[in-house]
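Each of the next two complexes has subunit A plus one more chain, namely subunit B in the first and subunit C in the second.
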Partner chain A sequence: MDTVSPVKSLTRRISTTVAGVAGAVVLAGCAQNAPQDTWKPKGDNAQMIYSLDKLVFPIAGIVGVLVSALAGYIFVKFRDKGQAIPAQSHGKPIVEIVLTIVPALILTVVGVFTFRTIMDLAETQDTEMIINVTGQQWWWEYDYPAQADQGITQPIITSGQLVIPEDTNVLLRETSRDVIHSFWIPALNGKKDAVPGRIHLLRMQADQPGIYAGQCTEFCGLSHANMRMEAIALSKEDFAKWVANQQKPYTAPAEGTLAKEGEGVFINQCARCHQVNGIKDANGKAIISAPDENVYSGAAPNLTTLMTRNTFAGAMFDMVNQKCRADVWDAKSEDFGAKYLAGVTEDCLNEKNLRAWLRNAPAMKPMYADPAKLEKTNGLYRGMPNLGLTEDDIDKLVAYLLTLK
Partner chain B sequence: MITPGSKYFLGLTGLGLVSAVLYCFLVNPSDLGAYALFGLFISAALIAGFSIFTSDGDTDSVAEAVEANTETTAPSFWPIVFALGGALTLLGIATNEIVFVLGLAVLVGGAVEWVIDDWAEKASADTEFNSFIRHRAIGALDYPGIAAVVLGVVAFLFSRIMLTVSKDEASIIFIIVSALIFVTGFLLAAKPALRGKSTAIISVVGALVLAVAGVTSALNGERKELVKYAKEDPYSISHRECGKEAGEHYDHEANGSVSLRSGVIATIFVEGGKIRAQEVGLKRDVQAITIPRSNSTTILFRNLDSEEYRLVANLGEAKVGTTDVMEKVGTCTQLTGKNEEQALTVTIPKPSNPEAPYTLTVPGATGEIKVVVP
Partner chain C sequence: MAIIERPGTSTTPVVVTPQQTLGAVKRPVATKGWREWLFTVDHKKIGIMYGVVAMVFFIIGGVEALLIRLQLAMPDGQILSADKYNQMFTMHATTMVFLFAMPMAGAFANYFLPLQIGARDVAFPRINALSLWLLIIGGLVLNASWFLGGAADGGWFMYAPNSGPIFSPSHGVDFWVIGLQIAGVASLLGSINLIVTVLNMRAPGMSLMKMPVFTWMILVVQFLLVFSLPVITVALVLLMLQRSYGATFFDVSQGADPLLWQHLFWIFGHPEVYVLILPAFGIISEVLPTFARKPLFGYPFVVFSGASIGLVGFGVWAHHMFASGLGPVSVAVFSVATMAIAIPTGVKIFNWLLTMWGGKIWYTTAMNFAIGLVVLFTIGGLSGVTHSVAPSDTQQTDTYYIVAHFHYVLFGGMVFGLFSGFYYWWPKVFGKMLNEKLGAWNFWFMVIGMNMTFGPMHILGLQGQPRRMYVWTEARAGEGFFNLGFWNLVASIGSFILAVGVLFFLINVVITARSKQQAPLDPWDARTLEWLTTSPPKAHNFDRIPVVHHLDEFFHRKYEEDTATHTMKKVAEGEDLVRAEGDAADAHIHLPSPSYWPILLSIGVGLLGLGVVYGIPMMVIGFAITLFSAYGWVLEPSVAEEIDFEPSDNDGNTKEIAPLG
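Let's look at the complex of A and B:
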């Protein structure tokens, strides 16, 4: 090594580092499993954005490379080597005119296509179905207004996974219950902010059945990075099945089962925040939850059909085990619907995750759920608190929650 | 070595120390007076020390002393500004925040200007050069600062005038003033000969008119309806009278209320005496609208008929206070004329009961729209 001069070895070290970083960046672009790739459109709206990208990126790339190369050439070629200062001239009209007109033309072309795409993406005349999407720290709620022509006779409410029929122009009506969030399913469309007190419209359309991942893209506090969501596209028949299942009346677990005991625990511990539609107390009176009195945003996920969703807590955790998860995610488009509609069966349940959540939710997902630090929110939680349940209670609850599908 | 410049402060130091000790023995060693006198002692000693250290005022000969004093310093008003700032800041601490902030600004501004002045004055033997570097150092900040203050005063006085005159008069004043500014600017630009004296005259006259009018209108107070709005809120819940007839308070000046039309979830129309609804984003009539639970949600009401109507939201029943008496809960818009819009914002914390959903109605018109809260 002593033959290498220190200067040379430093240069070499720097160049290897640069090459390494550049290589890593390039390779990162080739990830095989990148569900949030913006350049793999799976619906009309994402396709529009992609088509625009295909036009703008090469232009921007060529301009970028040309300008950098030219600048680099000038830096090197005309650097101060002690030569005399050359004769100075005042501008060259032809160069100035060209350098004004060419960028103006490029920008005009890019501008025309960009504006057209923006307008097309804002179009709402072709809407076939509307869904209300409400963001809160740190999960999304979806409610479907009754739309008889889409087979939705009563409103549906769910969370985390947005279920839509394939090849249907769905219009999301976004808003927020606390701070600004932003809804983004890269394979289906661009982002749109969800702002408290306002309704923002976002088109969604998926060409084929499948599961499309996304995440909140407006920093919204502690668990922003854990505020994920999935859009599930089902064939029209499968969607009808999903709707029918969401709307079917509640059936209480049979007397004497573990699940029945779990229902009791649920009523005592959970029903003040979580609504289960149709659940009744011992006197046969409907139980209406009061998340507005317990949670800062005023809402907690509706658990009526919890086990039809295969992720939970802002799509952060799998409700199903690895094998069943792979089954659904990797399913071919034709088989996807049936696999998704199977929901969370006893064999598939990811008990570890669910139990950990019930045992101590804030330990799984950072939330403002310390009972001693709630002055700022008037005693309201942001997130789900640790309820100090016994393992016994958790057994019963898991048995009960498994019936909610 | 005791320098001439330090003598006064040495004396003050002695006085401070003696009076502080006496105060402690005779009055009270632990109250504010003792702190003040010890403070005097310490600060005088500090200055005396500096003075000795820098040989202040110490000259070897009369000639040298005369030489040092030939260049008289220019009179400066910054020390006064600085002192004023100090007084305002203290006054502000005792009275209110705005005075305090203002005082602080004056204090800092005065200090900076004073320091720069002082530095520039001693920068060289050449007064002209000194004033040049003074301007170069701070001149760039003087003008925007002065301009901001002047603009602030102008805007304040002008706003007083606008709050006093009626709405129609305000538009006329606006038109005349802007036309005058435009014409004057145009004349000054086109005829350079007019600049100079006439500009000064115009500015002075304009300033006088503005000042007199501004102060007079400020004394006269704001125009009637503004005073009324400030006194009582005609849109307050307690004033809502949701019947068919015009309410005594609530239906005054309906169009003064702000429309929230950009963030609505549904639009309710009255057309031909009938009520109908459209969900935003869905261009067809619906019988029920769905709104998210516990979130403030805005509904737009648009009256297409010539008769005046209002939109009423019937939000079930609730117990009155802690009693068991049930009372209807609801809210409504003001009476709305033909082709006019009003926004109604509701927050519903509980899901609706499928048997008895919440409703939207329009007294005097037929039909009702269900409001479903899942």
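Let's look at the complex of A and C:
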């Protein structure tokens, strides 16, 4: 057999592989603009995890390099050079014992730090604010219970984008209405599953105002890939403005406008499932949506302040166009609040996607929304169905939705 | 195969009168054509069939993987719909774990375990055949779903409640549940069979601590299966009752806790990981000493570390659930236990390296794959340590970082081990050597392809790309050198290089099969008992049951230590040793006869299972066939009829065994 060249190429290959992987792993933390980079902590909790990584990854890397170097040395040094077949020694117990104790000691050190971080990340005594987070196929709902010290005097219900004040220990209380989802904003903390029938707690804290990307990370069925979310951190003043805006009373569009006609379309077509707080019909009667009568999982996003969020449909689509999106995402921390609070203006609206969604939602996002295939759910939808709106209806609706700020 | 009860020269011929039970069917005696294979109970034939079946599923699972990588090569992939993609990754994992990895390990175990311990077959040959056929039926049921309304779409972990009848409305999950139950029964029967074989049928002198490490690792795996398979079976039955018969075990509105499924699944699922990797560890623990010309360094440590990996493996399941909301104390305990399991695993790596230390390393394709395992598994093991750290794992779990980790462990580890086994034992099984040149192409394409495919996934995961997404979006891809777009493309290209590597293996198999050149009897200067017989081995494995005095018995029959230089010098050739065995053949060699019942019973069980989807009538038919086969099995004559025996050779010698039928 040819012995020399495989040895050389093998060692070369191994050393490049090891160097490549080690280098890649180290450098991966330096990439620009990867919004879900796990090594760019922007809050205390993610920072705690990152500090552990900074201990563990180098240890793993060094062990990997040492073992590979030893392996490479052995592969070359002890190749068949025509030497006699060696004595059949069966090992040295002392070597085995040392090679057991050394890794055990290293892992003990890692274990101690790990244990401490696990306990720190489970701490809830320092909570300053509570938000209930509910997963549903395939979007997130955030409900802010009234908590006077945060200026929230009546509950706020929103979806898609979690808005928190900067430098505040927020405790998320997660659950789900259907299957298991997992809430994950890598820059702020690790992930925690949202399990139906259970409430799981997850700490959130952001050092600075900004927008932090996240994604559902427990496989949750057909549109799992499209179940995204963002966390928005605002300065305390901006957060107070956001809260005030969320709580302000509903203003119906002026009579005779396209938006007013849109309100009518909304009441006829959308209000069965989607709540807009304060909306009244022509007789002045409050309209209360009943999504549980139409949707299997029991809820649909509350649209009261739809245009304060810059995504829609489970954060699958941007509500704003590319330019305005970049404006918000790339904003400096100190400018961010103002830009975010501006909400979706007519110039910024991503009209193409919004119209397509209103025209035929199931064509835009895989959902179980085919009316012919709902026998198992007794006719209840799992996602937004095609409403068969006319282009005229859509014009009116878009005009109306733009007023929901 | 078949019954061979031959008189020795010095004894009165023994005439065996088959026991004729009332109404029983004659046993089959065919030794040619397809019938020989369908009704065989020979562990070697069954082993080969396991191998062929596993290889077919490896190719199917591989094509599924390529489709997945094609879909993800670019943002917003259009190759597969969300629905098809979810089926694809579910079936890729299910196929690779249950229909490739386990059966392929089963192929090696079936074929070599009896040979390595100097036995003539396994303890229960008909049950062995039943295991094979049940596995095949289970695999067919699983894959039939592709053509019967769509495959399972809940991921191989099939978390409740997403696997329920509402959230997964097609019959895919039903086929999955049935297929896995059938395949599970197959594995369970196989594991009991192999445990009994190892404990009862070792050649004289082979104490447990003289057993080859491969046999040891297979033994550990069988115990893992015996204790873990019942758990998944319970879970599958619960899920089946929920989906098909209205039970509410995982229905939250009825008070269920979905975490029940996760615990049941991973109490099985984590030992399963060791079920997959330990046979590969066993294989390279044979290959490395053979080609380093040294015994395994620290044999008892390797054996006990394998056993302790198996044992501790039952105590770490919840590390798959660090984000599930277990509570900090549980998380801390499982985190530390998971770190602990790295220690015996590290012991193995060091022992393999030290086996080569001071050796005389002969680089063959088998050896290259074994070395590949050591290096690639080390990388996978170290990334494993990084997610034993539970807080870090909450950032890593369900991202491509995990996909990278377990493919380094399972592809770089397990698959490389199995390929090492192919090249090492091919001449033993088929009497022909796989081509070493093509083997080199095979190896290097697989090494490069594997690192190109799974290496970048470390980056993808740490950059926050979750798993199980049918599309990824440009908006979350980032820019710069580590953008997701570039590395997804690299991984996809790598997967095709990997596929070419596997293609080289298949070409090698075809070329070798067509070649006329016979392999030498002991091509690798091997160490263990399976080489102390012809290649391929005769139906009865050994002409004489060997008496064992050493670990690595075969090597020690060939070599003696030169006391002056402490090196080994050859005192006998393998061919001579095999010939000597033939000259002293045993007088009575009794092998079990073929049987109709294992395959028929499996078909009955398959129909019984399909009845869950297709209704009571099919279930009744399946049950009837199963019951009939069970009766036939019990009443079967213990041996074939006398007419099957060929007349004695002229010289009355027993060593030549005539084909029967």
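What we mean here is this: the second predicted complex is superposed on the first by the 352 of 405 C-alpha atoms of A that agree within 3 Å, B and C clash if a C-alpha of one lies under 4 Å from a C-alpha of the other, contacts with A are read in each partner's own complex, and residues count from 1 in each chain.
Keep in mind that, in the parts below, a residue touches a chain if its C-beta (ideal position, glycine included) is under 8 Å from a C-beta of that chain, and two chains touch if they have at least 3 such contacts.
Given the structure is predicted, the values throughout are model-derived calculations rather than measurements.
Look at A:Val95: by the touch rule set out above, it reaches subunit C but stays clear of subunit B.
Once the two complexes are overlaid on the shared chain, A:Pro155 sits against subunit B while remaining clear of subunit C.
In the superposition on chain A, A:Thr127 makes contact with subunit B only, while subunit C stays out of contact range.
After overlaying the two complexes on the shared chain, residue contacts for A:Ser68 are found with subunit C alone; subunit B is out of touch. Once the two complexes are overlaid on the shared chain, A:Ile180 sits against subunit C while remaining clear of subunit B. For subunit A, the partner that touches more of its residues is C, with subunit B and subunit C as the two candidates. Of the two partner chains placed by superposition, A:Met364 touches none, neither subunit B nor subunit C. Contact with both subunit B and subunit C is seen for A:Arg198 once the two complexes are overlaid on the shared chain.
Touching of subunit A by both subunit B and subunit C, each in its own complex, is seen for residues 195-198. Subunit C meets subunit A in the complex at residues 81-83, 86, 153-155, 159, 161-162, 165-169, 252, 255-259, 292-299, 301, 323-325, 327-328, 331-332, 335-336, 339-340, 342-343, 346-347, 349-351, 353-354, 356-364, 368, 371, 374-375, 378-379, 382-383, 385-386, 388-399, 436, 440, 444, 447-448, 451, 455-456, 458-459, 461-472, 475-484, 551-552, 555-556, 559, 561, 565-569.
Taken in their complex, subunit A has these residues touching subunit C: 1-3, 6-7, 9-10, 13-14, 17-18, 20-21, 24-25, 27-39, 46, 48-49, 52-53, 56-57, 60-61, 63-64, 67-68, 70-71, 74-75, 78-81, 83-93, 95-96, 99-100, 103-104, 107, 110-111, 114-115, 117-119, 121-122, 137, 174, 178-180, 182, 184, 186, 189-193, 195-198, 200, 213, 215-226, 228, 296, 318, 366, 368, 373, 376-377. Within the complex, the subunit A residues that touch subunit B are 124-125, 127, 130, 132, 134, 141, 143-147, 154-157, 171, 173, 175, 177, 195-199, 201, 275, 277, 288, 290-292, 297-299, 302. Put simply, subunit B touches subunit A in their complex at residues 262-265, 279-283, 286, 288-298, 349-351, 354, 372, 374.
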